[in-house]
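Labels run A, B, C, D and E following the written order; every chain starts at residue 1.
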Amino acid sequence: MSKRHLLALYGDFDQAEAVVKELRNTKISGFDVNDDMIVKSPIEHPEVEKFLGEKPVYVQWFTLIGAVLGGSLGFLGISSAQANFFMQMKGGKPIVPLPPNFVLTYELFILGGVYITILGFLICSGLPAKRSPLYNAKVSVDNIGILVKAEEAAVGALKAIFAKHKALEIQEEAGK
Amino acid sequence: MKDIREDIAWAKINQDVMKSLENPRPLYWVILFFAVLTFGIGIGCEVYQYQMGMGVANLDNPHVWGLYIATFIFWIGMSHSGTLLSAILHLMHADWRKPIYRFAEAMTTFSLMTAGLFVMVHLGRLWQFYYAVPYPNERWVWPNFQSPLLWDAMAIFTYLSSSVLFLFVGMIPDLAIARDNMHSGWRKKLYTLLALGWEGTDRQWRNFRVTYLTIACFLIPLAVSVHSIVASDFGMSQQPGWHVTSFPPYFVAGALYSGCAAIITLFIILRYVFKFEDYMTLPILKKIVRLTFAIAMVWTYLNCIEFASVWYSHDAVSKDLLIQKMTGPYAPFWWAMIFCGSIVPLVFAIKRFQTNIPVLFATSLLLNLGMWLERWMIVSPTFSHGYYPWTWDHDQWPSMIQWGIVFGSFGWFTLLFMVFCKMFPSVSMYEVKEMVYHRTLHLKQNGASEQTVEQGVH
Amino acid sequence: MSVTNLLNNWAAVRHFHPIDDKPHDPYKWAMAIDLDACIGCNACAVACYAENNLPVVGREKFQHGQAMHWMRIERYWNEDSREFPDQGAEFLPMMCQQCEAAPCETVCPVGATNHTQDGLNSQIYNRCIGSRYCSANCPYKVRYFNWYDYPTTDNVWPAEMNYQLNPDVTVRGKGVMEKCTFCVQRLRAAEVTAKGEGRIVREGEVQTACQQSCPTNAISFGNLVDPESRVYKQWKAQQVDLAKDEQEKDKREGGTDLRGYRIFEDLRPYPSVMYLERVRESAV
Amino acid sequence: MIDSESTKNLSGQAFDRRDFLKVLGFGGTAVALSGCGNTSIEDGKETVVSYVEAKDYVIPGVAVYFNSTCAQCDAGCSITGKIREGRVLKLEGNPESSINRGKLCGLGQASVQHHYNPDRVREPLLRNGDKGQAISWEKAYELINEKLQGAKGEEVAFITGDVSGHQKVLLTNYIDSLGSKNHFVYEAVAPAVVRAGNLKSYGVEMPRYRIDKAKVVLSFGADFLGTWISPVHFAQQYAAFRKGVDGQRGVLIQAESKMTLTGANADRWLAVRPGTEGILALGIINALGIATGDVAELVKDYDRARVSRDTGVEPSNIDKIAAILRLRSPSLILAGSAAEGYVHGMQNADAINLLNHVLGNVGKTIEAPVSVPFPQLTQTKGNTASLKKLNDDLAAGKYKVLFNIATNPVYTAPASYKYGDSMAKAGFKVAFAHYLDETALQADLVLPLDSEMEDWGTHVPEYLADTAQINIQQPLMERLHANTRGMGDILLTLVKQRKPEEYKAFDDYYGYLRYAMLQNKAALGGSGDDDVFWNDTLSKGIVKLSGASGALSAKAAVEGLKLPQPEEADKQYPLRLIPSVTSNLRDGRHTNQPWIQESPDPLTTIVWDSWVEVHPKKALELGIVEGDIVKVTSKTGSVNVQVYVFPGIHPEAVSIPMGRGHEAMGRYAKGYGVNPFGIMDAVFEGSTGELAMHETRVNIAKTGQRVIVVKDEGPAGGKQMGRRVALSRSTDQVDLSKEV
Amino acid sequence: MHRYLRFPFMLASFLVAVACHAATEQTLTTEDDLGPQVQQPIEFPHYRHAGNRNPVDPTNSDPTKGGMEINCQYCHTYARRSLTAGIPPLQKCVGCHQNIPTVRDKPRIVELFKYWDAKKAIPWKKVHDLPDFVRFNHERHIKRFIEQQGRPVQEVCGYCHGQVKEMVTARRQKPITMGWCVSCHMKEHVVVAKGAIPEGGTPIGKQDYWYTFQKPAETRNAEGELTAKGPNDCWLCHK
C-alpha cells in the first residue's frame, strides 16, 4: 500500500470537467483514471456521468427481486394462514378468498419492493460507511471535489494538473 | 413577486436552511406550546376513555363510529399531498416542488402517524390491538385477512414505512450538509449517524438517483391504493351511503385536496416561522394554489357524480339517506362541507388572491375544515339513518372527550411537525441547489433576454 | 402445516356459502317467528336478560342509545294517516338473524365473529378488540357494544345480584361486541349430550330462552336439517329456502298466499330467521 | 332447557328439602371477561369450595331444577327454577301447570331480581326516630306481643294483599286468635267490579273464559294479554284462538279509550269515548237485532246513530261488528277497564255481559269455574273498597295496632285519602316487607320477609284453568340473608304466642305445611307412603285436584240496567286521566327490579320513566310535542311529566302509567317517573264502592321544559319508511290452512 | 468481506433469522410446563391414592409401600357428568377414612376430621385454572377417550393433568394454553379402532363437518383405524 490520496476542490463545474479530461488524456503511471478517481459533488450532476463514462446501476434488480418476493410470499403466506386449523367460514365467502388476498398481495408487493430497493441502494452505494480521510466539508457546499488515489510517484504529476486548473485547494494524505 | 434568485450563493442556501435548525422566530415556540397543550388534553381524554370505556365518547349502538374514524380518514387523506409533491411532481420534473417537498413529505409521515393513533384510540380494547397483527402466535390464530380494516392496517403500515424511508433517503445529502455545518454536540452526532457517511461521490449519486426514482414510482400507486382501501372500508360494506362504487376515486381526490390545502397552510406558517421567504416564494405558492383549485373542481365533480348516481339509482334507502343529509340533523354540517369544499376554493380562481397570504391562509383553513366535515358526513349520517329505521339515532352528539381527542390529534401532529422542522432541514438544500443550477444553465443557453420564464409543469 | 392444509383442502376452502355448498349436517339452527302470534309482551326480552347475563344499563345510558337488549321488540304502526291505529300495532321481535352470509363476519379484523358448523354466527368475546366494524356493517343493527365496563365500574350486578349470573355465559367487560347467540350455551350442551349418546339433538330437546318463555309460542326454533323439526316444516310450508336471495314464490305471478318472509333478503345475508307476516281480519 | 328427565329423576329420590342447596363457589360467580387485566392462568389463586355433603343429584356444573310458584302477581303460574351450585339462575314456566303450561312472562322472569335485590331489608328494624334500628327477632316478637297486650281485638287491623293457601289459614287463625275482625284485603289493581258484575250476570264471580274456543272476541278494555287476571294463560288461549277453531282464525276486536297491549293486537281497535263502553255494547245488541223480550226493550233506543254519537265509534264499524258476531259463533265478550274505571262501571259490565247472553256464549265460551275442595285455602280477593274502609277507620283512630303485610298502600292510595296521615294515627304499625317501601318507612317495626325463592307456601290462584290445583312454593336456594324470615314462619311464631298448645307440634312453617298437606293426603289424590307423596308433591310443584264445576245462570240480568248519558266535558278539567296498568309494572310493587325498569313499555317503548300519552290531534291543539314536560292537574293535585304523543288513545283522554314515581324502595325504583295515584280523585263505583280509576278529570299545561324521551324506538317512531321489516296482510290474502 | 456488504449482510441475516424463527412450526408438544406449587389446606397425597401398587410385588397393596390405584373418577366423580371435574365432597373422604383406623392419627387425617366435625368445606385451591372465558368440557373428553375408546383412565386424565399419581398435592404439569389444547385437536385421532365399524356409523356419527380435513378419513390407515381431527369451532370453548 503505497498509494496516496489526493483531493482537489474546484468551485466551477467546467474546471472540474477540464481536470477530468486532462487526467484521462494524460498517461500517469501508477494512476488509473477509471479505478482511482472519484468525483464528489454537492448536487447530482448528470454531466458527471457523461465524462466519467457509463457506469452500471444495479438497484433495479433488487427492486424486482423484492417486489416479486414480497408479492408471492405474501399471497402464499396469507392463503396458508387462512387455511390453518381454525379455518372459519366468514360471510359466505370462501376460506381463501381471492380479492382480499390480491389487495394484500399488492401491498406486500410494494412493501417488498421498497424495502429491498433501499437495501439495494445501501449495498450499491456502499452506505453506511466511514468517510474517507480526505473528506472536505466544502463539497457539501458548492465545491466539486476530485479524489484520486495514486502511487507515490504519480502524486506530483497529479498535483501539477490540479494546480494548473486552478484548484481552490489541494489536500493530501499524510505520507506513510 | 420574486422567485428564487438564480445568482444566489450556494453557501447562502446552506446557511439559510441551517439557520432554521437554530433560531426560528418566537412564533415557533408559541405554536409548540399550544401543540403540547392540545396534545396533553388529548392524552388526558384518551386515558379517561381507556379507563371508563368507549361510552364516554358518547357513541351508541347503531352509531358505533364517530369522529375518530372521520378524523382518521382526514389524516390519511392529508398524507397524500406529500406523495403528490415528492413523487408525482418529481416524475414530472416539476422543479418548483423542490424547496417545498421536504416538509410535504414530513407532513405525509406525521399525518400517517396521527391516523395510526386514531385506529388505536378507536378500539374498544386497545390493550388487545395486537390481535390484529398477523404474527405467528402460540394460539395459531390469524387475523381476518378479509376485513378491509386489516387491508387498511397493512396499507398504512406499508405507506408509513415507505414514506419514512423515502423521506429519509431523500434527506441523506442534506443530513450530510447538516453534519458538516453543525457545531459539535449531540445533534452533530445524530446527523453524522443518519447521514450514513454520505460524501456525494459519483457512485453514491448514481445509485441515489435510481433509488429515489424507483421509490417514487412505488409510492404513487401505493398512495392511491391506501386511500382506495380506506374507501373500501366503506365501499365494501353494505350500508347505504357507503356502498358506492365511486368511493375510491372520490376518496383519493378528497385526499389530494385536503393535502394541498394543508400544504398551503403549512407553507405559510413555515415561511414565516423559519424565515424561508427566499425559498418558499410566492410563485411556488401560486402554483400550489392553482393545483389545489384544479383538485377542488375534481372533487366537486366527483361529489356531484356520487349524488347523481344515488339519485338515478333505484336505491330508495341511499336516496333517503342523501335527502336526510341535506335536510336532517346533519344538514348544517353537510352544507358547510359543500360551502367549504366547493364554494370557498373559487377564491383561488381570482388571480389577485393567488398570492395574498392572509386570504390564502384563511381559505386553506376553511378548505381543511370542509374536508374534515366531508369525512364526518361520510361516516356519521349512515349510522343515524341506515337500513333499519327502528334503530335510527336520536341523541348522538360527540362528547367533549371525543372532541378532546380529535383536537389532541392536531396538537400531536403539529408537535411532531414542528419538532421535525426544527430538527431537520425542512427545505431540501441540495435540490434547491440543483434547481438553481439548472435554471442557471437554462439561462445561459437561452441567453439573458428571456428572463423569469416559469418552469415546470402546469 | 398450514401450507399442507391449504393445498390439501383447496377445493374446500374455495367454496362459496351458502350457494355452492350445503354443509349443514347434522345441524343448522334456525328460527321461525310468527308475527301473528307475537303479542309484544316482552317476556322473551326479559328471559334473554336472565339467560345471557345482559347488563341493565340504566336510564342515562339507555337515553344515549347504549342499551344492551339482544332481543328487542319493535312496535310499528301502519303507515297511513288514519286518526287511530285501528288495526293495532305490529310487533316484531328483532335479534341477530344468524345470517348464513353474514356481513359482520367478513369485516371483523381479528376474526372474532365467524360462521360455525351448525349455522350460527359466533361471537368470540375474548378475541374481540372492539373495532365495531361488525355493527357498522350489520343491516339489522342487532349487535351491541359494551360501551362501559358494566360488571366493575358500572356495578350493574351489585352485591347478591351477581349470584344470578349464568356461569355458562361469559360476563362481558368493556370494549367487546355482543349479540344474540341463539343461546349457544344451551345448544352446545345439547349437542355434546347427543354426541355422547351417538345421536343428533332431537326436536324439542333444546329451546332458546326466548322461545321457552313465549306465552303464545310465536317463536319456534330448531334444526333446519331435521325433517322432523317444526322449523323445518314451517320453512318448507312457507317455501322459504335458506340459500336463496329471492324466493321462487315471490317471483310467481299474482303473488303468494304464504306469509313467510325474511327481512332484507335482497341484501343477500341469507338470514336464518323466517318471519311470518302478521294477519289482520279483512271482515272488520 | 327443561329437560323433563332431570325433573323426573328428582321425583324418585327421597330427599329432605329442608337441606338446602348450599351456595357453592364453584367456578366463581363472576365469570368475567376481564378488562385491561391479565386473563392468563392464575393457578392457586382461586379457591374451589366443595361441599361437605352432597346429594347425588347435585353435580357442580350441572343444573338442578325445582318447581315452585311465581309470586310476582296473583295469576299463580308454576315455575321451574334452574339452580346451579346452589344459586337460582333462571326461572322457566312449569309445563305441568295448566295455567301457564311452561311459559312465563317477563314479570315472572324478573322475580330472581326480587330475590337477589340489593335493597332488600335484611334485619328486623325498629323505629328509632327517623332511623331504623336493627333488632333481633326475639325482641321483635316480644314487642308485638307486648303491643297486642294493650290492644283489644277490634283495635287490631290487618291489611294484606291477595292471600291464599296455608298462609291464609295461619293468618286467619292468628286474626281470630286476636279476636280481630279487621282483615282488609287490598289490591290496588283488581277486577273487583268485574267480579261483582259476573256474579250478577253469570252467578259466579270468576267464570272460566275460553278465548281459545271463541271465533270472535270483543273485549271492552280487558287487557287479557297484558295484565288482566291471568295473562300468561290467556295469551296461550289467544295463540290457539288465532290458529283458529276449524281453521278459521279468531277475530279480536278491542273497544277501549286507551290502547292496551291487547288492543295493540286487535284486528280492529275502536277508540271509545271514556265511559261509554256500555252504550256501545247495547248498541251492538241493537244492531244484532236478535234480542227479544225485555232485552229488546232495553236496547231499542240505542240505534246506531245515537250510539255512534255517544261513543265516537263509526256506524259502519258497529254494523261490521254486529255482522261478524252474528256470522261467527261462538264469540266471547269481555268487560275489563270499562267496568273498573267508572262510577257506572257495574252498569257497563252488565251491559257487556248481556251481550254474551244475547249471543248465547254463556256455557260455550264462558264456563263455570272449577271449585277447590278446600275453601279455606282459596284466595281472598282483594279490592280497593277495603282500603277506603281501612283508611276511614284509621283516620277515626280506631286501631292501635296495624299489621301491614306486603302491601304498599302509602304508594297506591289516591292522594286524597292521605293514607300516610291516617296510618300515623295507628299506635303501632308493623310492616312485613321485602323492601323499605313507602309504607314500610312509616312503620314502627319492619319485619324482613324471605323472598318467594326462600320461602315455603301454597297458593291457590283465583283463576284456575282446567282443573283445580294447589301450587306449591318451595325454597329454591338457601336463605340469602340470615335474618329474613318466611311469612309462614312469622305467622306461626305469632300464632304460637296466642295458642301455644295448638301449634306446639310445629317447629317451623315447613313442618306445619307438611303436616297439613299429609293430613289431607287422600283428598289431595295421594296414597301410600307419606314421604313418597310429599316428595312427589314437591317435585311436581303442583297438586292437581278434581274439583266439580258449578253451573252458570242462564238468564241475563237486565233489571236495573240503566246507563248514564256521557257527560259533557268539564271546562276546567277537560280531559280524563286514564292511569294505565302496564304489563311490566302493574301497581308498582316490582318497579325496583331493574329488568322491569329497562324492559320497554310495549306500546311506547319508554323505559325508566313515566309519561303522559296524548293523542296527536290533542297535542296539535295544545301545541305540545313529544318530550315536553307538562303539568297534569286534577282536583286533587298535579304532576309534571313528559309527553309521549300516542295515536292509540281517545283525544278526550290522557294516560299516565302506574307503577313509577316511588319515593322509596331502593336504588332502582326511587326517583324514576311520577305516580298517577298522587293525582287520582277519590271517586267510587256506584254499587261496589270500588275506586273508579278513570273518573279523574285533568287539564294539562306546558311548563316550557322539554326533555329527550328515553325510549327504544328511534326518531322514525313506528314508521318503517318503506322498508320491508314488519309485514302484514289481511285474512283474504292468506291461506292459513296449509300452515304447520 | 467487502466493506460495502457488511451492514447489508448483517441486516439480511437478521431478517432471515427472524423469518426462519417465525416460519418454524412451533412445536406444540405435551412438554411439561410446571405450574407453581400450590399450598393446599391439607397436603393431599395423590400418589397414595392413585399411585401404582408396589412395583416389586404387584399383588401387594400395602399402602405403606405404594399407592392404592384408586380410579381418578372415584373421587373426581363429576368429571364424567359435568363440564367441571369438581372436588369430591368431604363426605367422600370421610366415608373411607372412618373405616381406616390405621391412619386415623396421622396429622392430615386429623385435620380432615376437624373440617368434618365442624361441617366446614375444605377451601382447596384451584390448581388448573383456565381464564373465565374458557369452558373446557371434562364430560366430553371422558366420554370419547375412556368410554368410547376404552383407554386407561389415568392415561386419559394424564393428557392434561400430567402424572398426578406421582404427586403429593397436584401441581400443574402441562401448559394448558390455547395452542397446547389445539395441538391435540390438530392431530389425527383414532375414531374407529381396528375391526368393524359399529352399528350406526362411527362414534361421531354422521357429524361430518364442512371441511374435508375434519371428516373422518375415507379409508383406514395402515393400522386399520379411521382417524379424524378434533373440532375447531371457537364457540365450543369460548361462549
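Note that contacts are C-beta pairs under 8 Å (C-beta built on N, C-alpha and C of every residue); 3 or more make two chains touch, one makes a residue touch a chain.
These figures come from a predicted structure and were not determined experimentally.
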Strictly by the touch rule at the top, which chains does chain D share as contacts with chain E?
B, C
Chains joined by the largest number of C-beta pairs are C-D
What chain lies closest to the overall centre, CA atoms only?
C
As a test of understanding: of all chains, whose mean C-alpha position lies farthest from that of chain A?
D
Centroid-based (C-alpha) most distant chain relative to chain B:
D
State, to the nearest whole Å, the distance from the C-alpha centre of chain B to the C-alpha centre of chain E.
56
Could you state the distance in Å from the CA-based centre of chain B to that of chain D?
65
When the C-alpha atoms of chain A and chain E are each averaged to a single point, how far apart are the two points in Å?
61
Expressed in whole Å, how far the mean CA point of chain C lies from that of chain E is 35
For chain C, jot down the residues that touch at least 2 other chains.
1, 5, 9, 12-13, 15, 63, 67, 72, 74, 76, 103, 106-108, 111, 114, 116, 122, 125-127, 149, 169-171, 174-176, 264
Overlap residues in chain D, where contacts from two or more other chains coincide:
27-28, 30-34, 39, 61, 708, 712-713, 719-720, 723, 725
Chain E: which residues touch two or more other chains?
131-133, 177, 182, 186, 210-211, 233-234
Every chain pair meeting the touch definition is listed as A-B, A-C, A-E, B-C, B-D, B-E, C-D, C-E, D-E
Using the touch definition from the top, list the residues of chain B that touch chain D in their complex.
50, 62, 127, 316-317, 320, 387-395
So in the complex, the part of chain C that touches chain E is made up of which residues?
1, 5, 8-9, 11-13, 15, 21, 23, 25-26, 114, 116-117, 120, 122, 124-127, 168-171, 181, 184-185, 188, 192, 195-196, 198-200
Considering only the defined contacts, which chain A positions touch chain B in the complex?
38-45, 48-49, 52, 55, 57, 59-60, 63, 78, 81-82, 84-86, 90-91, 93, 97, 100-101, 103-104, 106-108, 110-111, 113-115, 117-118, 120-122, 124-132, 135, 137, 139-142, 145, 147
List the residues on chain D that touch chain E in their complex, please.
26-28, 30-34, 39-54, 59-62
Touching residues (chain side chain B, partner chain E) in the complex:
135-141
